[in-house]
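The letters A, B, C and D name the chains in turn, as written, and every chain counts its residues from 1.
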Amino acid sequence: MDATKSETQFQKETLRIETFSDGVFCIAVTLLSLEIGVEVKGNATNTGLFHALAEKWSICLAYVISFVNVLLAWIGHHSLFKQLHKTDNFIMITNGILLMLVALVPFPTKTLGLFLQTGALKTAVIFYTAYFVLISLAFRLLWHAALRRKDSLTRGITDVQIKQITRNENLGLICNTIILAVAFINPWTALALSFAMWIYWIGFS
Amino acid sequence: MDATKSETQFQKETLRIETFSDGVFCIAVTLLSLEIGVEVKGNATNTGLFHALAEKWSICLAYVISFVNVLLAWIGHHSLFKQLHKTDNFIMITNGILLMLVALVPFPTKTLGLFLQTGALKTAVIFYTAYFVLISLAFRLLWHAALRRKDSLTRGITDVQIKQITRNENLGLICNTIILAVAFINPWTALALSFAMWIYWIGFS
Amino acid sequence: MDATKSETQFQKETLRIETFSDGVFCIAVTLLSLEIGVEVKGNATNTGLFHALAEKWSICLAYVISFVNVLLAWIGHHSLFKQLHKTDNFIMITNGILLMLVALVPFPTKTLGLFLQTGALKTAVIFYTAYFVLISLAFRLLWHAALRRKDSLTRGITDVQIKQITRNENLGLICNTIILAVAFINPWTALALSFAMWIYWIGFS
Amino acid sequence: MDATKSETQFQKETLRIETFSDGVFCIAVTLLSLEIGVEVKGNATNTGLFHALAEKWSICLAYVISFVNVLLAWIGHHSLFKQLHKTDNFIMITNGILLMLVALVPFPTKTLGLFLQTGALKTAVIFYTAYFVLISLAFRLLWHAALRRKDSLTRGITDVQIKQITRNENLGLICNTIILAVAFINPWTALALSFAMWIYWIGFS
């Protein structure tokens, strides 16, 4: 039955899934801000509000970290889908799993922001970094699904390009796993490593 | 008056409604995550946060179930609209009812997640499964609206294709009704049946 | 400076504003569901949850009313923009005011849902119906802005079509004002009139 | 490698980033309404609800101010991207920083609305106006990134057009800095100046 579909139809299908995925990334990234608010107990004074705002640095830091992570994931998702010509059920499912994880990023973000200044710092950072290991895994799985059938990929893609994406996905997974391992020893070093990874990512890819 | 509209105009109208519907599906699926957060009473410790996170399994399970359900509904909505060439008021209304139900999915999802570990388990599962019977009904009604006038459908659609979609919509409605009936007897079996239905749906459609 | 812009550029501009407006309508309609949740005090039992859910009828009713109202507003916005060929600052501002009101619909909706079963019923219904008088006013203003300059409208639009839209906008404003007036006397009759207006709207337009 | 990309590909890339940015603006503007709700302690009466609603004027004012600010930022973002032909990493990053700030606008908005009627008025207005200085800075930085490489800009753009945009971005930054400075002396005058700036912006640009 698939053989009767024209090339244009396949591209429309792929575009539609990509548009839907873009929507999820876009909403997830904007929803991150929802939890951030400030309260002052008793009578509100200028200095009281100032201190209440200053205490929110940990929540704002968690927001920035997650915003960058989701934005980089979106760029990664986009460069992966650019190589896709056709989708099948397996690609749809792995993409669905990835979106499910992306849409839930506000949960580890909130957890990180709330507990960064508390005694539960280590658990919060482990939970957060483990969550992004899961996202890297979902990316790797999606790429695996795309590679399964030759005709899923865009015509004209070279083996070099395929290898480069595979290398990138593997690298992301390895880096995130190392960061998770470091989080068990020193949570702040783990967060600093995330930051270093971004610099590398932005500068070299 | 309708006779003066060109073919392209009809397709634009249909596309616009589809884009709006896609938006509702996309936002509804991402909003599911909003309720999920974690709190620790008293002084936060690493083990305290760990246990608080571990207790969230029921809310996360409800999230996953609803995410898959809404994603499958989106795929179903898309394959139905692919056969639509033109919309009329009746199609608009039935589509509106469907979207109204889809946008409210976070409500039964929250209810399911909150009461899965409590004595109100059965009522929560009945409410949840009954809600998806309603969604199946709305789908069936939308397809009924599409079939009412011959010229609403895409040119070149075969009777076999029409029958297949009708069969799929009926099957969805029957399956969800059975799951609801089972929920009255054993809630966990009902949830397991939902899961089995997905496997079938993904594997065979 | 405007004279140097091509026809296609004008259409692109109009399309972009329409897409943005569609987004606001779409998100506003889906956000309506966010407030709806259920709680059970003390130990949760099946009958306890059942009664808690049953008590939510007023919030669900408010949700349905607002969903239909925003959906009808979206259809109205769309049919108005179909006649627009070019936008200017005045159209942008009136459209912005309309979007500002549409995006805030969750506020009167929540108010209606929360106080429908209380002694504050009349104030809640007056607030809600007055809010939709404002939205009708914004629509009327947007159409007024579009009519100001001849070249804002699509070429080929007939005077009959213009009159019909003007009539529709005026009718909506008058109906909503009557409903508001009735709300001061009998809130339930006002809500019933809204319902009757929809039936008319859907059946005859 | 960039040399092998066709013109159309560059435009697609730019369009995609613009669509994503539009989504963030659109969601951010609609999310502003989420915090606005009303509560009545004890038995709800008609006059009680009326007074509770009337007290919400400060939150509604903050909502209106932020809605207009984000809408103007969206228009500014659009007119800036119209001059972009190609994006590079630096443009992507500065655009990302801008979006991160836009998505977090609900936070200063809530703060402004909550503390406008309290003794913490000055801190709230300083926080709010300082936030929009940051947004102006991000805009200026984005335009700086766009100007870095000649081929990032649309072909046919004149030096006069470039100068005009540069002037606009600088003007926005200066105006917002002045408003911030005024906020330290008199918060209400600062808000009135914002309002005056809009009138100018809408009337002359």
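Methods note: a contact is a pair of C-beta atoms (placed from the backbone, for glycine too) under 8 Å apart; a residue touches a chain by one contact, two chains touch by 3 or more.
The shown structure was predicted, so the numbers you read here are calculated from the model rather than taken from an experiment.
Note: Cα superposition of subunit A onto subunit D, rotation of 90 degrees, nearest 5. Of all residue numbers used where subunit A meets subunit B, under half belong to both copies. The two sides are thus made of different residues.
In this assembly, the C-alpha centroid of subunit B lies 25 Å from the C-alpha centroid of subunit C.
Rounded to whole angstrom, the centroid-to-centroid distance between subunit A and subunit C, based on C-alpha atoms, equals 35 Å. Across the assembly, subunit A contributes 23, 27, 31, 34 as residues in contact with two or more other chains. Taken as a graph of touching chains, this assembly is arranged as a ring, one closed cycle with exactly two partners per chain. Every pair of chains in contact is given here: A-B, A-D, B-C, C-D.
Only residues 22-23, 25-27, 29-34, 36-38, 40, 43-50, 53, 63-64, 67-68, 71, 74-75, 78, 202-203 of subunit B touch subunit A when the two sit together in their complex.
Note for the complex: subunit B touches subunit C at residues 16, 19-20, 23-24, 27-28, 31, 34-35, 89, 92-93, 96, 99-100, 103-107, 110-111, 114-115, 118-124, 127.
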